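Read the structure below first, then the notes.
Letters are used for the chains, namely A, B and C, taken in the order the chains are written, and counting of residues starts over at 1 for each.
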């Protein structure tokens, strides 16, 4: 918007006045004013112009809120009264039992009272709106609470009995049932080495394949794209147990491979491949086509363009995909049951003999009767959980958009990538569009 | 004076000039590159094909041997001269676990998605979304551990109550305690596991609901829930259906958590609250290694059945979700 | 009819008032912020009963923001804050205990881009506002006909009321939105550049509608089109945001005065087309 330069020379007049209000805004007192613009200067960069009168004082900003005092009172009152009522009833009627039932009854009564209270105080639509708000908040809190609880719970069960030294240096070879301080003599080294090797092999073999497939789908295209996309979606929905018995039936039953860590890697590739392909394809799609065109216009062949321009631009997305893919396969148990088979002793050679892995140790030890083994299983679970958490957090850090353009960059943040790794979310461009 | 644009003239024979046919002459490097990545793409095709092929081939003898009894009878013998094997009990168990999981998980997931897309304050949204997604990342074996050691003891009381008071529904009847390691418990943990899946798809679809219509509803005096009900949910209907189907697919195939809860049980138990019960994937997982060759073929064919089932559901769901994403049918 | 915008106790379905009484809005000291940045500074404006008030001015000077403050739509945007008072018939809509939902039932809005509900029929679109407030009209069909006639759409759609709202042309959709907004019998109707996306025929039809409804609904219209402001409005307010400054009302008065004999030189420059 342009203004004439000589506009500033005339003194502007006041607008047609109502009674000018000296006092500041009537504030319901709701919502914190984040930022008070009271005081003299409002100007951001421009120096003050002498001819424009500045207001003496601006009122503080408010943000009106839906939830006022009376609403909070209704919520608290409903919560307390329903709690008391259910408590009384629960102890009278001994047919109900357990904390779960108590909570369910309390919650149901709480919702009813909130509805009735708000309907009386305001109106029915507001009551329904309030109850829905409570329900959705509860649902989200429930799932988030369970997740946090599980993570903390695993740690709480594992850490008290942890023998850090033994855990990482011993395997289960020396386990004797009646040993005192048995946990000092056993560890999960075999599981850690096994998982490491299997996941590493799967990643080293699977990621280039996945990236190549993604390049095919997004950069090269041509015949077969729709088919391959369908196939990749189909594969991403394949149960992990099927991946395991597939490798078993194709390679182990036929004696091409023994039970081994390598066979497990192949099964893990079946799971890793579609997830990483889908994510990398999306990441590649986001790379601006102008970059490709610029490179081609300079005379670079396509492979050079992809290698030197497209992939480096997509690097953070690809890294995120790899990190999350690893997080996904390190926790898979079912494919390993049929391929690596599990072992009590350290086997550092992934190409021959049964090999252990973290999930397998948990699987076999937790069903034993000895509490020592159960403790060991929890410790292995703790290690596994920590690995997944670290990878998850690393992926989020990596996936964060590089801050140059602020929030509105083209790269997708990690929270869009995440569901696609663990869930067979359909790709854009899948059949059906 | 304005200039007149030259109109291309048709030659006396009545033909327009031929458009140039452009041929992209790839160099050798590019030829190798393009062929290479195409091969990579076809590799995935191969894998999928082989999965179906090998499972079917190796498992088919079991079907041939048992005939229709494979699907209709129950019972599994790992030893014996003429073992008859039927997966009926496991099929029913799979369906029951999936049913419980859907009943428990779908409402929580849709409500969570509504919360994340409509109610969560902006500053917290990313973190909350991450926490819900973390639920998808937790390995299923850890869910299994938690279910057995923590969830089950606390829910057994509720299961007891259900068995006493809702026993008129045949499902919930119980012949004898204990009530743990039941299909109900398995369904409960699977229900929790599918919440992040269903929630993340629903959340994405809800966030695509057109802001113009949202504003229109609010400006007419709708409460937030009325706005969601009249604009967001109708818009996201297809996505919800697709998400539920994907959740169902997941619930049908969940192996490890179910196996840890149910244990190595082959008991036929249509009563979901009662101890015992089996699902197809659990059958495969716990049976492996204990059966002779016969048992193996049965298991492989089960795997084939599982594979085909989840394939069908996932492809159908994918079609529905994508159609909803593009807003097909909602034209403005 | 009750003026109270406050709480209703236990009311379920309410009968609709048969007519609405045009309301008057007094805005005093209105300021607006987006994420801490001041965009509107101390706006005082009186929008008189049964009159059409036009808010004019170049793009980006806060007219739409001000309009949205009048029906409490401004607070829907995350990070938005405001200050000042807006009184509808003497009652401050931002006062303690006042609900946004109530305000919006009395102050309706038509948006720049037509936004009928595409999955509802035309008739249901018109009645949708009533469903939200759980008001039931004495006769549904009569109400639909009355509203669509007022909006100038009845003759074109009377035979196809069962068609979906999304199936109409742009101009028809906007008129449907006007009918929908009028159906709840608001006291004030806010219009945010309602014709900017439409063809000239639809524009003229809508302008005719505005003039026809003004006696029973006060209209406040934001427009870029000065000729439209002259045709349609009784009063005008000229908004301006100079470089890096928040928007303010420079001058307001009757339309004849603003366009014929503006006091401020900036107003004169704008209405004579020297900028904007």
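By our rule, contacts are C-beta pairs under 8 Å (C-beta built on N, C-alpha and C of every residue); 3 or more make two chains touch, one makes a residue touch a chain.
As the structure is a computational prediction, the values presented were derived from the model and not from experiment.
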Dominant chain pairing [most C-beta pairs in contact]:
A-B
Which chain has its C-alpha centre closest to the mean of all protein C-alpha atoms shown?
A
Relative to subunit C, largest Cα-centroid distance belongs to chain B
Distance between chain centroids, defined by C-alpha means - subunit A, subunit B (Å):
18
Rounded to the nearest Å, the gap between Cα centres of subunit A and subunit C is 43
CA centroids of subunit B and subunit C: separation to the nearest Å works out as 47
For subunit A, residues contacting two or more additional chains
66, 125-126
Using the touch rule from the top of the page, what residues of subunit C touch 2 or more other chains?
101, 132-133
Of all the residues in subunit B, which ones touch at least 2 other chains?
223, 226
For the complex, give me every residue of subunit C touching subunit B.
71, 73, 76, 78-79, 101-102, 104-105, 108-109, 111, 113, 115-119, 128-129, 132-133, 166-167, 173, 177, 180-181, 184
Per the contact definition, I'd like the list of subunit B residues that touch subunit A in the complex.
26-27, 29-30, 32-34, 36-38, 40-45, 47-48, 50-51, 54-55, 58-59, 107-109, 111-112, 114-116, 118-120, 126, 128-143, 145-146, 148-150, 154-158, 160-161, 164-165, 192, 195-197, 199-201, 204, 223-226, 228, 242, 246, 249-250, 253, 255-256, 260, 263, 281, 284-285, 288-289, 296, 299-300, 303, 306-307, 310-311, 313-315, 317-323, 325-326
Please name which positions on subunit A make contact with subunit B in the complex.
66, 95-101, 104, 125-126, 128-129, 132-133, 135-140, 142-144, 146-148, 150-151, 153-154, 157, 209, 212-213, 215-217, 219-220, 222, 224-225, 227-228, 230-243, 245-246, 249-250, 253, 270, 273-274, 277, 301-304, 306, 324, 327-328, 330-334, 337-338, 341, 359, 362-363, 366-367, 377-378, 381, 384-385, 388-389, 392, 396, 413-416, 418-419, 421-426, 428, 430-433
Which of the residues in subunit C end up touching subunit A in this complex?
7-12, 26, 28-29, 31, 33, 36-38, 41-42, 44-46, 58-61, 72, 75, 80-85, 92, 94-101, 132-134, 237, 241-246, 248-253, 263-266, 269, 274-276
Subunit C partner, complex, touching residues on subunit B are 121-122, 210, 212-213, 215-223, 226, 230-231, 234-235, 330-332
